[in-house]
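Input: structures, listed below.
Each of the next two complexes has chain A plus one more chain, namely chain B in the first and chain C in the second.
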Partner chain A sequence: MKHYKLMLCALGAVIAGQSCKMKDTGNVVQGDAASKVYVAPGKYDEFYNFVSGGFSGQVSVYGIPSGRLLKVIPVFSVNPENGYGFSEETKPMLNTTAGFVPWDDEHHLALSQTNGEHDGRWIFANANNTPRVARINLGTFKTDEILEIPNSGGNHSSPFITENTEYVIAGTRFSVPLGEADVPISSFKENFKSVASFINVDQGTGNMKIAFQIALPGMSLDLSRAGKGPSHGWFFFSTYNTEQANTLLEVNASQKDKDFIVAVNWKKAEEYVKAGKGTKMKTRYYHNKWNEETHSATSELEQEVLVLDPAELKDMVYMIPCPKSPHGCDVDPSGEYIVGSGKLAALIPVFSFNKLMKAINDKTFEGEYQGIPVVKYEAALHGEVQKPGLGPLHTEFDGKGNAYTSFFLSSEVVKWSIKDVKVLDRVPTYYSIGHLCVPGGDTRKPYGKYVIAYNKITKDRYLPTGPELAQSAQLYDISGDKMQLILDFPTIGEPHYAQAIDAKVIKDRSVKIFDINKNKHQYVAMGEKETKVVRNGNRVDIYMTAIRSHLTPDNIEGVFVGDEVYFHVTNLEQDWDVPHGFAIKHAANAELLIMPGETSTLKFVPDRTGIYPFYCTDFCSALHQEMQGYLRVSPKGSNVPLKYGIGDTAPKAVAAK
Partner chain B sequence: MNRKNMVVLMLSMSAFIYSCGGGGEEKSVRDQTPDPGKNEYVDPNKDVNPKGIGKFTNVELTHPLDVNMVKGGESVYDVKCSSCHKLTDEKLVGPGWKGVTDRRQPEWVMNFVTNVDEMLDKDAEAKAMMEVCMVRMPNQNLTDAEARNILEFMRKNDGKN
Partner chain C sequence: MKKLTTPGRYSVLLVIIFLATLWFFPMWRIDLKAPQYPGGLTMTIWINDVKDDVDVINGLNHYIGMKTIHKEDFKEFVYLPATIISFIVLGILVFFWNRKTGYYIWTGIFTAIGLMSFYDFYKWEYDYGHNLDPTAPIQVPGMSYQPPLIGYKKLLNFEVLSQPHVAGWLFILSGVVLVSITFYEWKQSKKMV
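After this line comes the complex of A and B, so read on.
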């Protein structure tokens, strides 16, 4: 009894506490919020919002303004839901020099650009843990390519891109020695480097290639942005740990009042490459590519990179002092202003590209850092936003002269004007915002209609789901003078950076089916006539077709325990939204989800005799439940002949003599 | 109660805003979306057009059969049709093809294989077949030429010349 009372009391207290909090946050939402985010059933959203999945390793796609989840695109992590990383065709996508890596931590996304605007061709994603960059095809919403990055310890300042997608960047957050050197950790200052890789993108195929790497002094390359317009040809990186500490960084990397923004003149780097000034270095990294015609990935080992040394090759890299441990390093739509967000600073410095160029020309330097000129802070400075908030992280732009900066510590978005560095408005976020996104906010032409906050802490925003909570995004209308919170929506993994693009740019180019006549898969069955089962030693290849509502062949005998059985399933459908699934009992694997016109392969090694049902896992028609079949597995060495078929051709029992 | 009214009010307000939206500005995708539920009611007892519904209103038949078209039709059949249709009169998933060119007008066949969904929704004959087969024929995305080839292959299968 006493117990109950106590509990009731406690509950009451909780409710009281909560209702207080609700009142506070509730006040932020004003009357017409619902109509601004309501997208009626059957209507489309205005924007695609591509959100990094953080430690889920995937990219999620939301509709804005509704906040509806449209798709999760598997990128760096396996995805049993559609067989990514489980089917034989997709396994090579996750191959690395460390073998098959089924997971990664993805932080940032970059939509491809033409003339500084999102063009809707591709979106790039970084893998922070096992350094890689991925390219996702926005026609198919599939990962088309993954490139491993050598000489990187953690691919964080990535995959930011230049205004015509000439380069995708991969800068290491954890500096490490080049190659696979075995050195004492305490030799950081002598041996460790921060490598920035410039990845060239083929404008036709989208294929990536590491054009060159710049081996910067050992420090942490945190985030980066390409210049645009007048600053096109330059890349800017924020840095921390310019103290070059290798232990207790929390304290030891926060000693100096200023770290640096690294300004890289990549056009100059290109000249050095052309003039043969780089050093070819033996290394190893895998390059994985998806082929839409063979419906298969290949994984190729690359063994060389070209390394440029900025201490030796002059006029290529400059340092701008920036207070203090800067995180975001964002370039405004005009390309003139570079915003450094010092995590531990009480102000936001805004640098001017024109002034930076003048300082470099006039050699207004305050010294050198490891052989690289350091520009005088004041010489490059446009202005400082005073007392903006606590813990500035990232900045996006609305194209109307305003900047929006996220503040982690003070949990708010602050709007300020770039020209006179004055704070204009601030709104709270719930809670502890990390990245933020204005649709097109990193381009020359942002759609300054919304800003979306991606929060690190969710706490009481949704019904509780135990200790582990979804992280939350919040949508603000920024079309007026005052920012207005209009929607919360939960996200997968931990959303870091996200980008949003006008739905018009992508919508009509979305692929509906794969043309069966262009299917060049090695094991395709072009129609049921070509279905067959072929044994080669203990390998059994089953050329199978799927169409509403049967799998051919659906009776298979003469397979033995321990055989390696490959189900190559071709979906013969040519209609939009008719995938077929495939699963077989005991497969130590995932299902296949096969799109119309596609062929996918499931490997299965039966470990005991018996009859194994297989079936279609994706409800496809009124007779979906009937879309099933049987595999007979006999003891190893038995004399059951290999037979298969469907209907009239299904194997018949031999009449007893 | 109050709250409910509010929601209703807000919903109707938003509906109002939507129907008026767009004005002079460039239309966003949000406004372009087709209205759901515009399926027209088609009276199944109304005069049935033996040519079906679709763009083919007059198909010229060739005599003798065009050998190349027959060949093209057969390869389309192998990949896209044979899973469900036999060349005899035996029903598999769909009806066997024997005699189809006697049962159907050439235009009906070509409209059906190229305009599957509308035919299955509206054409009385196609709807009747669906009640027999209980599976919607998949739209196999045939080009006009492929559809014509299929027709020629069916004619061959029926012994026409």
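After this line comes the complex of A and C, so read on.
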């Protein structure tokens, strides 16, 4: 029959003078897609979609369903556009034990939760390369805190969180020896560890603190999820390279039929910590915090961490065999089912938390892995989704009993029912999807309206832009039985995981200005009368103000070549959306973008004499072009006196003697 | 000396209550709208203060050379509360004295206060809109920026709407009550004759 079809088609093609066409997007999109994603001018999107920036190191924010880019929040990479990492105040945010690191690879995001639902307080982000976790304030959309993670390499299974934001997790993907040990790479099996850090979050301030680290055997902790509801108190990690290979992992880490899902009983770990168990280990890591009142960051060195050994402290960690290098490890809204996505497997195993607990109680173990009990696969298994697709990666849920799994190799999203592990529907993605996101899809109450696919390959999706392309994302309506593609939009960096939250939860709490009366910056000028220029050796501090449409002072003389000049610019405005920018010729860093009520500092070291214009870079008003001034730089050791002012107070020419 | 009718007498208390709202609600509101301010700006005038977006409005004034608005610059914010409090005290006397003559005098004083207030408000608006800094960056020949006493006006890119607020309406209502009752009392006294 098939042969006939093919032949008929070939015959038809010859007759029509063209070849047979394969299915493409043209026949995938249906009629009413446009109306579903159209957000009329003046109207708002329904969801904020926080999308990881991947190798951009930042977090981008899109509106859903329109797919419009709303903001890029600088997190782990410098951002000359607003001075993040360039202003004196923000530099400490990127401080690490390796010094100032201007870039990282940001993979996953976790919105803070209360009772298993997104509460809109903060969003956490991971840095994979130089292991760190960041906390972003959803009132200001600014990075408020960055915590370095010691004893870690490749902070990948991070920053997933527990259902009341008790802990944010940081799990090691590239296991490394503890401390800064110098050992042969081939001693992987003996010396390397995969450390899972449990970071405590202060519920008032949001401040993070490493409560304890569990030193798991050397392997790769890939992704993780906290239990919820009945499974609250447990954390689940997917693993690969349980073969413990240290070279050619492509082959050597794909040998075993099954790797593991690591189940950690963190309540038990807490008991051990309370009982004084574990080893206090000397180490070093930086903890960087933003202060909204001083508009400045501080970087503090921490020197100790508590390490728990699961081989020694029993009943805390168990392993569940999971087929072929699992990536996703996702817990359904009820907290009962744990979905492992073996990225090289031809099925999706679904584990039952109840069965897992029973297996642990009955000691239904098949052996040990480096001193950790391994539960029998069948004993913990709820069921397997048969022939779901190729290369399952990640699963989210709609709260109606269905799961949505992304498939990298077969480039599709597959909808299946959790109860009877049956495939219900499948739609193609363009191309090779990584993670997917259902708004609230990792919570107890997902908004099962959309699923968003974040793809790894773009190819022909948009107008070509040379060899380097944006990434592509697709939005599907999942409110009906069949998933329906409704939008395709480009994204920045390389999105991995993303989260979406109902706009109502954070929209009205968005900060408009900073109260100037609460500005506690060391170099604030509370009004133009407070502006001044102070010399201390070769350091010159300029207390400057910006208000429409002048910088005060705007004429400054008596600065010498080689001086360290600090422009501390206070934006005196107290009105929404009136930022001022600041830039000076030859400054070897970036501009400042100063929000109303904020003070920011730009350091400038002039290397030659001359007149240096400075100006406001953000078109602030009808007289923005006039918002400019001059700095006179004289030779070192010259006797030009320090003078400054504006208008009548500007330095005047000295009458000839 | 004729006594007040019961409604006439108790209207004194009503007027006092109306006037007391001056300490709880603004008298007047001026709304401004421009393309740059989609949500609009509002200035409310209280018996002893100017509130809401005054600082934002002050930030804009310098373009056209308008003076900035500061609570301290208004003697009215001292005189007006003192005047109204005196008027209320007088009202209490009228209530206990309970004579038509007292009521007529009281109404007369109120009319004077009302007219003086509106004249003063107009004069302030005129000065504010006309007395401009000659070095202002934006100068439109022949243009002045006097806001309307009541009603709508377009001033450059701003649309301006000026109207009474809660306490202002009750102040006006007080006037209506006083004049009506005065008329009523006067008619009643004629009837009795």
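Rule of thumb we're sticking to: the second predicted complex is superposed on the first by the 634 of 657 C-alpha atoms of A that agree within 3 Å, B and C clash if a C-alpha of one lies under 4 Å from a C-alpha of the other, contacts with A are read in each partner's own complex, and residues count from 1 in each chain.
The rule we apply is simple: a contact is a pair of C-beta atoms (placed from the backbone, for glycine too) under 8 Å apart; a residue touches a chain by one contact, two chains touch by 3 or more.
Only a predicted model underlies this, so the values are computations on that prediction, with no experimental measurement involved.
*Asks:* In the superposition on chain A, see if there is space for chain B and chain C together, and answer fit or clash.
*Replies:* Overlaying the two complexes on chain A (C-alpha atoms) leaves chain C and chain B clashing.
*Asks:* Looking at A:Val534 after the superposition, I want to know if it touches chain B, chain C, both of them or none. Which is it: first, second, both, neither?
*Replies:* The answer is neither, since A:Val534 touches no partner chain.
*Asks:* Check the residue A:Leu301 against both partner chains and state whether it touches chain B (first), chain C (second), both, or neither.
*Replies:* Neither: A:Leu301 stays clear of chain B and chain C.
*Asks:* Contacts for A:Ile611 in the overlay, against chain B (first) and chain C (second): which applies, first, second, both or neither?
*Replies:* A:Ile611 contacts neither chain B nor chain C.
*Asks:* In the overlay, work out which of chain B or chain C sits against more residues of chain A.
*Replies:* It is B that touches the greater number of chain A residues.
*Asks:* Under the stated touch criterion, which partner chain does A:Arg548 make contact with: chain B (first), chain C (second), both, or neither?
*Replies:* In the superposition, A:Arg548 contacts both chain B and chain C.
*Asks:* Under the stated touch criterion, which partner chain does A:Ala40 make contact with: chain B (first), chain C (second), both, or neither?
*Replies:* The first partner, chain B, only.
*Asks:* One more residue to check, A:Gln574. First (chain B), second (chain C), both or neither?
*Replies:* In the superposition, A:Gln574 contacts both chain B and chain C.
*Asks:* Return first, second, both or neither, reflecting whether A:Val251 touches chain B, chain C, both chains, or no partner chain.
*Replies:* It touches nothing on chain B or chain C.
*Asks:* Once both complexes are aligned on A, which of 4-12, 22-30 or 148-156 in chain B overlaps with chain C?
*Replies:* 148-156
*Asks:* Determine where on chain A the residues touched by chain B overlap those touched by chain C, and list them.
*Replies:* Touching chain B in the first complex and chain C in the second, residues 547-549, 573-575, 621-623 of chain A appear in both lists.
*Asks:* Taking the touch rule as given, give the residues of chain B at its contact with chain A in the complex, in rising order.
*Replies:* Residues 7, 10-11, 13-15, 17-18, 28-30, 32-37, 78-80, 82-84, 92-93, 116, 134-136, 138-141.
*Asks:* Which chain A residues qualify as touching chain B in the complex?
*Replies:* By the definition above, chain A touches chain B via 34-35, 38-46, 502-504, 507, 513, 515-517, 526-530, 545, 547-550, 552, 572-575, 578, 621-623, 647.
*Asks:* Which residues of chain C touch chain A in the complex?
*Replies:* 55-56, 59-60, 62-63, 137-138
*Asks:* Note which residues of chain A are touching chain C in the complex, please.
*Replies:* That would be residues 547-549, 573-575, 621-623, 626 of chain A.
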